[in-house]
Amino acid sequence: MAFLMEAHSGLSAKIVEEAGFEGIWASGLSMSATLGVRDNNELSWTQVLDMLEYMSDASSLPILVDGDTGYGNFNNFRRFVKKLCQRGVAGVCIEDKIFPKTNSFLGENQPLADIDEFCGKIKAGKDTQEHGDFSIVARVEALIAGRGLEEALKRAHAYADAGADAIVIHSKKSSADEILAFCREWNNRAPVILIPTKYYRTPTDRFREVGASMVIWANHNLRSSIQAMRDTCAELKRSETLIDVEDSVAPLADVFALAGAGELEAAEKRYLAASNGSAQGVILA
Amino acid sequence: MAFLMEAHSGLSAKIVEEAGFEGIWASGLSMSATLGVRDNNELSWTQVLDMLEYMSDASSLPILVDGDTGYGNFNNFRRFVKKLCQRGVAGVCIEDKIFPKTNSFLGENQPLADIDEFCGKIKAGKDTQEHGDFSIVARVEALIAGRGLEEALKRAHAYADAGADAIVIHSKKSSADEILAFCREWNNRAPVILIPTKYYRTPTDRFREVGASMVIWANHNLRSSIQAMRDTCAELKRSETLIDVEDSVAPLADVFALAGAGELEAAEKRYLAASNGSAQGVILA
Amino acid sequence: MAFLMEAHSGLSAKIVEEAGFEGIWASGLSMSATLGVRDNNELSWTQVLDMLEYMSDASSLPILVDGDTGYGNFNNFRRFVKKLCQRGVAGVCIEDKIFPKTNSFLGENQPLADIDEFCGKIKAGKDTQEHGDFSIVARVEALIAGRGLEEALKRAHAYADAGADAIVIHSKKSSADEILAFCREWNNRAPVILIPTKYYRTPTDRFREVGASMVIWANHNLRSSIQAMRDTCAELKRSETLIDVEDSVAPLADVFALAGAGELEAAEKRYLAASNGSAQGVILA
Amino acid sequence: MAFLMEAHSGLSAKIVEEAGFEGIWASGLSMSATLGVRDNNELSWTQVLDMLEYMSDASSLPILVDGDTGYGNFNNFRRFVKKLCQRGVAGVCIEDKIFPKTNSFLGENQPLADIDEFCGKIKAGKDTQEHGDFSIVARVEALIAGRGLEEALKRAHAYADAGADAIVIHSKKSSADEILAFCREWNNRAPVILIPTKYYRTPTDRFREVGASMVIWANHNLRSSIQAMRDTCAELKRSETLIDVEDSVAPLADVFALAGAGELEAAEKRYLAASNGSAQGVILA
C-alpha cells in the first residue's frame, strides 16, 4: 500500500520528496488555501496549472492532482488533461460533483454529477492523455452526499467501465465503517484510494485488510505550516526579537539548499568562466 | 518603531495580519523558495506579481515588496511599479545590484549598480506611481559588497536625493556594528529600515536607540513552515498514521475559516436564495 | 447612439481608439479566436483577464467586456468583476446561458440559465463592483434559443429589476424584425444595446428609430485581420519576395509609433542621462 | 532554401500553417506589438511563453522563437529553453545584445554582449535542451551595431564554436551588400538565416546564390493586420453600417472553422451522447 503526501507548492513538493514518500497529492484545498482563496473553484484552472508546474519542476515524484470536477464539462477537462501531461504531472483525480465545487467537508447533500455525463468526462480524458501511463482517478462522492453504499458502488462500477484507472471513495465521517464496507463489496475490481482526513483514528492496517492500494495524507503539510507560522508570528509579535526564534526554524542555509543554490554555483563556473567570472561584463559600442 | 513580518503567499499574509503586525514584507527569497526556485530572478516579474496579487487580495495590511533590482532597467521598473499600484501594494524596495541578482547572503563582492543609473530608476519609479502614498525604498548593498561605510553613506544620500522614501541598510554580518554605525552617521535624514536576519542576536532596543524606523523579520514564516512540514512528513512517513499528527497541526476548521468560508455561506443565501437554494437549477430549452 | 468597435488585443484596442470610437467591445469570440481556441470557455477566466489587462493598458477608451456566462456561478462572477474593476475595465456583459457556453451563432435551442439564478448573479456583481460607474450589462439569449419575444421581455425586465445597467438583446437571424419588435415593446425601460452581426444589412437608422442606445460592431477587426493575413501569406508563399508586399502593409515605423517608441526615447533621456547615456554601465566590485 | 513566416498569436500561427510555410517565426516585435507594448523586453519572459504556448497548441509547424537576448544571463536562458522544449517549440534565436534589449531598427551603436558571456549562454542552452532536435540560433548584431564585417565574422565563428545550430546575420540597411558579403566569407560553415525586412528589394535569388539556408518574413502578418484593422475601423466609423464591410472581411464561418468548431461538435456527440445530448443534466440530491 502506497502513501501520497500532500503538497501545495514547489517547496512542499521538495519536502515530500526528501521525506521519502512514493508520490505527491496536489490538494485543491491546500493549493487554494495557500493562495488565500476558497476551495470553491475560485482559482481558475490555469492558476492551478501554474502552481502544478512549479511543483512538477521542483520534484521528481509522481504527482496526483486533485482536479475537482474537471473545471467544467468534458471539453474543459480535455484541455486540463492535455496540459497536465505537458507539465509532467502523473495523474488527475476528478470527483462526481458540479462546477463550481464545494469542499466535501462543507455543507450537506451536495448535488452529484449525472453518471453518464461523468463517464463521458472520464472517457474524454483517457482519449486525450498523451502518455500511456497517465492516470485518471474517479472520486466517488456518493457517501459524502449521503446517497449510501449502493449508489457509491453503482457509480464506482460505471466509472471503472468508462476507463477510470482507480477509484477514490471519500467519506466525511469520523468512523471508517462505510469506507471499509465499500472496499469489501468492491473487492478490488480496480485500485482503491482512501483519504482518511476525517476518520484519522482508524488504524492504517484496517485499510490494508480491505485491500486499499493507496492512502492520501491530504492536507497535513498545509495544516502543519499554518500552526508553525502562527506560533512564529505570535512569538515575534510578543518578543520583538529573533533571538528566541532562530533555533526553532529551519536554518537559512537549508532554504538555499532546498532551492538548489549549489547547482547554480557550479553552473556559473561552467558557463561564466570564460568571461573571467563576471556575468556583467559588457562592451559599450 | 514598526515591525514588518515576512509573507510569501495569500495564506501567510493572512497569518501575519491576524497576528497584529503593522505590515507585510513580501520577501523575494521566500516567494522564490515557496515556488521552488532560487532567489536569482528565476521567477519572471509577472510571476512575482501574480503571487503579490494573491497576497494583496488576502490581506488588508500594507505590503512592502522586495523588488530585487527592479527586474531590469528603469523602464522595466516603471512597469512593475505601475502594476504594484494597480494591485494595491503599498510600496517596493529595490537594491543597488545588477539583474539578475544573487541573494545578498551568497557569494562575495557582488557588483553594485552604477549610482546614477540607480538614481534614475528611483526617479522613474516615483514619477510612475499612481498613488501619492506609494513608497519606493532604496536598499543599500554597499556593506554586503564589502565596500564600506563611506560608500554606503554616499549611496544612501544619493538615493534620498533621487526621491527614495526610505533606506534599507543591509548587512550579512552576525554583528550589527556596521549597521549601527551607519544609522548614527545617517542621523535619520530619511527613515531607515533594518533586516536583522544575520545579526539576530542584537537586542531590538539597539535599533531603537539609533533611530531605526522599521525592522523586518524577513524570512521566518518561510523557515518555520519548512521546519514544520519536515517534521510532519517525517512523522507520517515513519508512523503511517494520522493519529499522532492530528493534534499537532491546525484544525481543518481553521483552514476553512482562514479562507473565509463563512462569507461565502452567507453570500449563497443572499444570491442563490431566489432559486430555492440550488445553484445548479437549469432550464433545458 | 454610440458605437463600440471590437478589439481582441492591446494593438487592436489602440487602433479602435485612434479611429475615434466611443468605446471597445472586448469580444469573447475574437479573443478566443486570436489565441487559437474556441468560443466555448476554453480560455480560463484569468487568461481572458490577462488579455483584457493588455487592452486596458493600451487604450484610454472604456472597455465593455464580453463576460460570457460569468465563468461559473455568482461567486466566480464576483471574482471576475472585482478584477475587472482593478484592471480599469469599464463594464461587463453576461449572457443568460450555461457554463461552459457555446457561441450564440452555433447549434440550436441552447439551454438558458434559470432566471432567478441569473438575477442573483447580476446582484452579486453590482454589490461587488468597486467603482460606481462600472456597468453590468445583461444579455438576453431568449431569441437565440428560439424562446420567443415574450420570454425575452420577461427576462429583460427581471434583469433590469435585478440591477442590470443595460440590456443586450441578441439575435442570429438575418432579419432584424425580432430585434426591432423587442425594442418597441421594451420602450427604453433601460438602455438597449444591439449586435447586428447577422442582420448587418439593416440600415443603422432602424436602430435609432427604435431607441437603441448603442450598437456593437462585434468581430470585424478580427475578421479583417484574418483576411489580410491570409492574403499576405498567400502572396509571400507564391512570390517568395517582399517586394510586392511592402507597400500593402503598414510601415514598420507605424508599428513602433503604435507601441509608443517615442515615449521611451524621451524617458531614456530623462532617466539615463546622468549615467552618460549608457544603461549598462556597471561597477565591478 | 526554406521560408519562415511571422506569427504572433494562435490565430496567425494557424494562418501561416494553412498557407503552406515550412515554419513559423515567433517575432518578438510582433508579439510585443500585438499585446500593446514595446519591443524592449516590456513583456516578461513568462508572458512571452504564454503566447508561445497558444501558438504551439494552435499549429503543428515548427516554431522558431525570437528569444531576444535570452531574458537575462545564462541561467535565465536555461529556464526559458527548458520551458520552450516543454511547450513543443522547435528552437530559439538569441541575439548578442544586452538585457533589456532595444529593437535592432531603433537607435544607433547599440552595445553588444561580451563574446565569452554570450558563448556561455549558447552552451548553457544546448546543455539544457530536452530534445536532440531543438535548435539554438545565434543572431549576430555586429552589423546592426556598426561594428563591421570582421567583428560579425569573429562573433559568428565563436558562436558556432560554442554550439549554435545556425547563425542569423542581421542588417538594417536597405542594401543587402553587407549581408551578402558576410555570407560569402562565412561560406556556410553553419546554416545562415536572413531577415530581409529592410533590404526587401533584394531579389530572393541573391540569398540563394550566397547559400542562405532560410529566409524569415519577420513582421508582415502583423503589419498587414494593422493596415486591415485601420481600414475597417475607418470605414465603420465613417459609414456607421456593416453593409459595405461584410464582404471585405473573412466570413464568420471561417472564424469558427479556424478555431476548430467541427472537432468539438463531433466530440460532443461522442462524450455527451450518453446523457441524451444535454451537458447540463444534473441530479439534485
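Lettered A, B, C and D in written order, each chain numbered from 1.
To be clear about the criterion, a residue touches a chain if its C-beta (ideal position, glycine included) is under 8 Å from a C-beta of that chain, and two chains touch if they have at least 3 such contacts.
Quantities reported herein were computed from a predicted structural model and do not represent experimental measurements.
Comparing the contact residues of subunit A and subunit D by number shows a mostly shared set, over half of all numbers used being common to the two copies. Just to note, of B-D and B-C, the chains joined by more C-beta pairs in contact are B-C. Inter-chain centre distance (subunit B to subunit C, centres taken as mean C-alpha positions): 36 Å. In subunit D, 40, 73, 75, 98, 100, 111, 264, 278-282, 284 are the positions where the chain touches two or more neighbouring chains simultaneously.
Contacts from subunit B toward subunit D in the complex involve residues 40-42, 44-47, 71-73, 75-76, 79, 99-100, 278, 280-282, 284.
Remark: subunit B residues 3, 5, 9-16, 18-21, 29, 32-40, 50, 54-55, 57-59, 98, 103, 105-106, 111, 196-197, 200-201, 203-204, 215, 217, 219-234, 236-237, 240-243, 245-246, 248-252, 254-256, 258-261, 264, 278-280 touch subunit A in the complex. Only residues 73-75, 78, 86-88, 98, 109-114, 116-117, 119-121, 123-124, 145-147, 264, 267-268, 270-276, 279, 281-285 of subunit A touch subunit D when the two sit together in their complex.
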